[in-house]
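Got some structures for you, see below.
In the two complexes that follow, subunit A is the common piece, with subunit B as its partner first and subunit C second.
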Partner chain A sequence: MTVKWILHWTPTPGSVVNSQILSEISQCVESFVNAVKDGRWKATLTFYRPNLRDQSIPSEFPRDFLGISLLEQPNKYYFIIRGNKIILEADSTILTIMEKLQSYKSKVALNFEGVQYKMGDFQMKVVKVVPNQGESLRGILIEIEYLPISSIEKAKPIMEEFLEVWREVMSKKSLPGHFTQTEPHFADYKLPDNYTSQHTAIQYAAALAQLIQSAQLRG
Partner chain B sequence: MQQQSQQAPPPHSTSTPPPAPPSSTGGSAAEAPPKQVALAMDKLGEAERIIADIRIGADRVLEALFVAASEPRHGTKPLQLFLKEDACMRRYLQDLRSLGKELEESGVRSRKDFWGLHMPLVCPDGTMVGYAWKRQLAGQAGASAVDRTRLALKAFTDQKRRFFPHLDCGLETNESASKKRCGSVESTLDPKEESSILKMLPDVLKSVEKEVPNLKILTFERLDWLKRASTLNSSTNENSVDHSYPGSNKLRLGSLGTVATEKVAVIEMLVPSTFRVVISLHPAGSTDPDAVAFFAPEESGSYVHARGFSVHHVFRHITDYAATALQYFLGNQVESSLYCLLHWICSYQTLFSRPCSKCSRLLAADKQSAFLLPPVLRPYWQFSLSKILSTISTKDHTSDITPAYHLGCFSEEL
Partner chain C sequence: MIHPGFHCHKSEAHKSPKKKSEAQSHLTPAGAGPLCRHRAAAVCLFPAPCVSSRRPSSLPLSLPSCVSRDLISSQLSHLAFLVRVISTTTPPSPCTLSLCCPVASEVRLLCDLEQAEPSWTVRHIGGAMRGAGAEQISVLVRTMVESKASKNVLRMFYLLGYKLDHELLRVGFSFHFSRGAQITVTVSSINKMLKLHATDEAVPVTPGIQLVEVTAPATAETYAEVASAVSFFCEYLAPLLHLSKPGISTGVVPTAAAAAASLMSDGGGTTL
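Presenting the complex of A and B:
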């Protein structure tokens, strides 16, 4: 699989994330390096909470248990426990099993809806984060991909330079905020250097955690 | 004299014929090349007619067999028909053989193809033969004139060196002395010793493998490569995990030990996580490359071969450039073209990490497409046998000093 980097939009303190910023960013991408619109993309993220009859013993169960589904892997479902740095790639039929077992309930579900652009050997996605029920924009992410390389280490210099070029283009627009990258710590999850959908799942989970954190800070 | 080979089945000569000097052949050598070509064309026309007769004859034989099988009461009639056709066929085949011999003697099939005019591959039913041969002849007529000039020049320089040694001023070390950038250091090795190291294919490959760590070289027969190309994606993962997996056919598909040297027609070079290169050799088992193409390591499919193109822009550009480099090596580094080519390819190990030597950046926009590309050009004229050997002996890795350029940064550098 080709290497992807995911960055999330951090608004400057005092400003909000709204659809106008999203359209500005999309415009930026469209005029960047001869980009061609390539299609839509979707992923979902679900927070799970243990279904306990007795609510007073929550401490044994993980508090940040997430489930992620990705468009490019329709038959797989990814479970992540961020606290213990565990990721599990399961078949999508696990959802039926979970329904039957009823041991975990879905607390919050979010959708990632993206538009993909292709520019030569690079691909970019502009992704908006919206709740499952509702249209309010919770966050903006971009995903950068370099198609010829599958090794994370090898792709680093190229991706960094691409990001520099991208940031230069963005700075001309003087939008209230900037894109930050969360350090994904793949090694902690014991993942190899070859990029896979598991790496994607971890990056989205990390980006979302950051978004939530910064939203909480803003009040 | 040249060896005779059969013509009715595909006339693909497996023995390397000795390069015949143009004036040593039979009676038709007294005529000028255009007449030779015309005569050869006539004979080819004749050959076509004989082949057509053979095909009709084969049909008749089959018909006779069919009749004999379906109605046994006809008695000896089908048998006689069969015998008659058999005699005809043998006569035709004999005619064809003698015609083939004539064509060989007139120089049509003799010379080793230096100018890329390869023996055309023939379809099993022989339909392509006439047309492909005609094309071959026309090309050879043109090439023979250039060949003759080259041989004359070589004879002249040899004689000059023998009788006028004081005039010998190093002009022969560079055939392309007119190009200023080809000023290479004269090697201290005896030229015979140099080229003898590299005449055999296994030696070339082994020496490159030794000199460039982290590189995997595999060899294949031509048809085996087609099978492997479609399964590349599934086998690359296995390769990285377990090399000595017993009983797995895919891993043992090609390696120097298991493919007979004279059948090797495709070389695959893999630099893990960076690129995969496919080189085709012609004729099989020799050290003469005739095509080269770059791909990403994950690409797999029937388009992954020495004349194919990658789906990625960066590798497409490199493949284009590699075609030029290949022609350069074939023309200027004749004895060591494969060796130099392999080393030049290895300089691309730094494709995704070395910034351009002109603008010091890793990515630059291509002028035509505006896409961002890493520096895809590495100067090939710096790769000559003597230079490579001297860099290796001083324990300096060539990859460290080869400059790299973006497509746009390069034109001014000349």
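Presenting the complex of A and C:
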């Protein structure tokens, strides 16, 4: 699998995320030479809470337990406990097992809905973050993928170069914000240098955590 | 999926691979016959009450409800207890912080040790089918769901609050038959590990005695037909084994070699 970087939109203080900014970002991508729209993409992230008899009493069970499904891996599901830096990849039937066990219940689900663009050796997705049951825009992400390489370390200088070009394109729009990459700390999760869907799941979880933190600070 | 049986084994190779078995490791290449070795560790978990690790007092530990038609002798009753203990349930508990698992069920983590890289499966086995219909059929029907998982699955379950109930090492053979249903017969020795996860230091729970299990997958629509096929197959084994619904001790267990030889023959003494 080829290397992806996921960046989240950080609005400048006093500004908000809205569909106008999403549209401007999409236009930036489309302005790239050879950029071709290549279909839609979706992922879902679900926060789980322990099924306790008394929810008001704090417990030793993890509160940052979440699950992710990715469109490109329809038969897989990924569980992450961010505080413990652990990711589990399982068949999607693990959801049936968790439902039967009833020890954890779904608390909140968010959808990542993206439009994919192909541009030579790169692919980009412009992703909006929306609630599973709703349309309000909670955040914007972009995903940059470099197709020829699957080594994270080897792809790093090339991705940084692309990112510089991207930032230059974005600067011409003078939008109230910028894209930030959250360091995913793959080594903490004991993941190898070869990129996999587990790396993607961790990045989306990290990006969302940053979006939530930024929203809380602004709020 | 409803299984008239239980304990579908790892490391199975068979003539007509089906999806579940293909997900499991194979020792022998396809076409080499239905006989396949397996060596797998099973870890049974239960959710951790905040205060105590005692098993709920309302839980009968030697219950038969989780087995299919099995060869059980009085010597194996202790083994049956070890292998089939229900490990997740929610009795009334004074602890307000315990996880709620209202349905009696069993969650197991299976590690296939025969492969170069051990592979893990999470298996959930539901409560037995009950009611007049269940009493009339001669096999046990339980739901079973499996999911392959990455190797850190045990650590994940610990972090989610689950505790290790017990672990066992099963070593033996699996046979596959297509006789009205896809029937799997496993002949295993069940071994306990004297130290945690020490598979090299396992000792048999019942030396010289193997556990024989007959299982077959089914759906809600086909379970009656599959149950009938399993019953009929068990009758076919009658000259060698006496099988009955769990809880009834029947017959004496022959050696695994004799059982394997009988299963490989066509019933008339001819080796297939």
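Basically, the second predicted complex is superposed on the first by the 214 of 219 C-alpha atoms of A that agree within 3 Å, B and C clash if a C-alpha of one lies under 4 Å from a C-alpha of the other, contacts with A are read in each partner's own complex, and residues count from 1 in each chain.
Just so it is clear, contacts are C-beta pairs under 8 Å (C-beta built on N, C-alpha and C of every residue); 3 or more make two chains touch, one makes a residue touch a chain.
All values derive from a computational prediction rather than experimental measurement.
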| item | value |
| --- | --- |
| Subunit C versus subunit B on the shared subunit A, clash or fit after superposition | fit |
| Touched partner set for A:Gln102, first subunit B, second subunit C, both or neither | second |
| Partner chain(s) touched by A:Glu183 [first = subunit B, second = subunit C, both, neither] | neither |
| Which superposed partner A:Glu89 touches (first subunit B, second subunit C, both, neither) | second |
| First (subunit B), second (subunit C), both or neither touched by A:Pro148 | first |
| Touching partner for A:Val33 - first (subunit B), second (subunit C), both, neither | first |
| Subunit B versus subunit C as contact partner of A:Asn51, first or second or both or neither | second |
| A:Phe61 touches, of subunit B and subunit C: first, second, both or neither? | second |
| Which partner, subunit B or subunit C, touches more subunit A residues | C |
| Per-pair minimum CA distance [subunit C against subunit B, superposed on A] in Å | 10 |
| Residues on subunit A lying within both footprints (that of subunit B and that of subunit C) | none |
| Of subunit B, residues touching subunit A in the complex | 272-274, 296-298, 312-315, 352-353, 361-363, 365-366, 369-374 |
| Contacting residues of subunit A [partner subunit C, same complex] | 50-54, 57, 59-62, 65, 79, 81, 84, 86-94, 96-97, 100-104, 190, 198 |
| Residue ranges of subunit A in contact with subunit B within the complex | 2, 33-34, 119-122, 147-151, 153-155, 157-158, 161-162, 165, 193 |
| Residue ranges of subunit C touching subunit A (in the complex, touch as defined) | 47, 50, 88, 96-103, 105, 107, 122, 124, 126, 145-150, 152-153, 155-156, 159-162 |
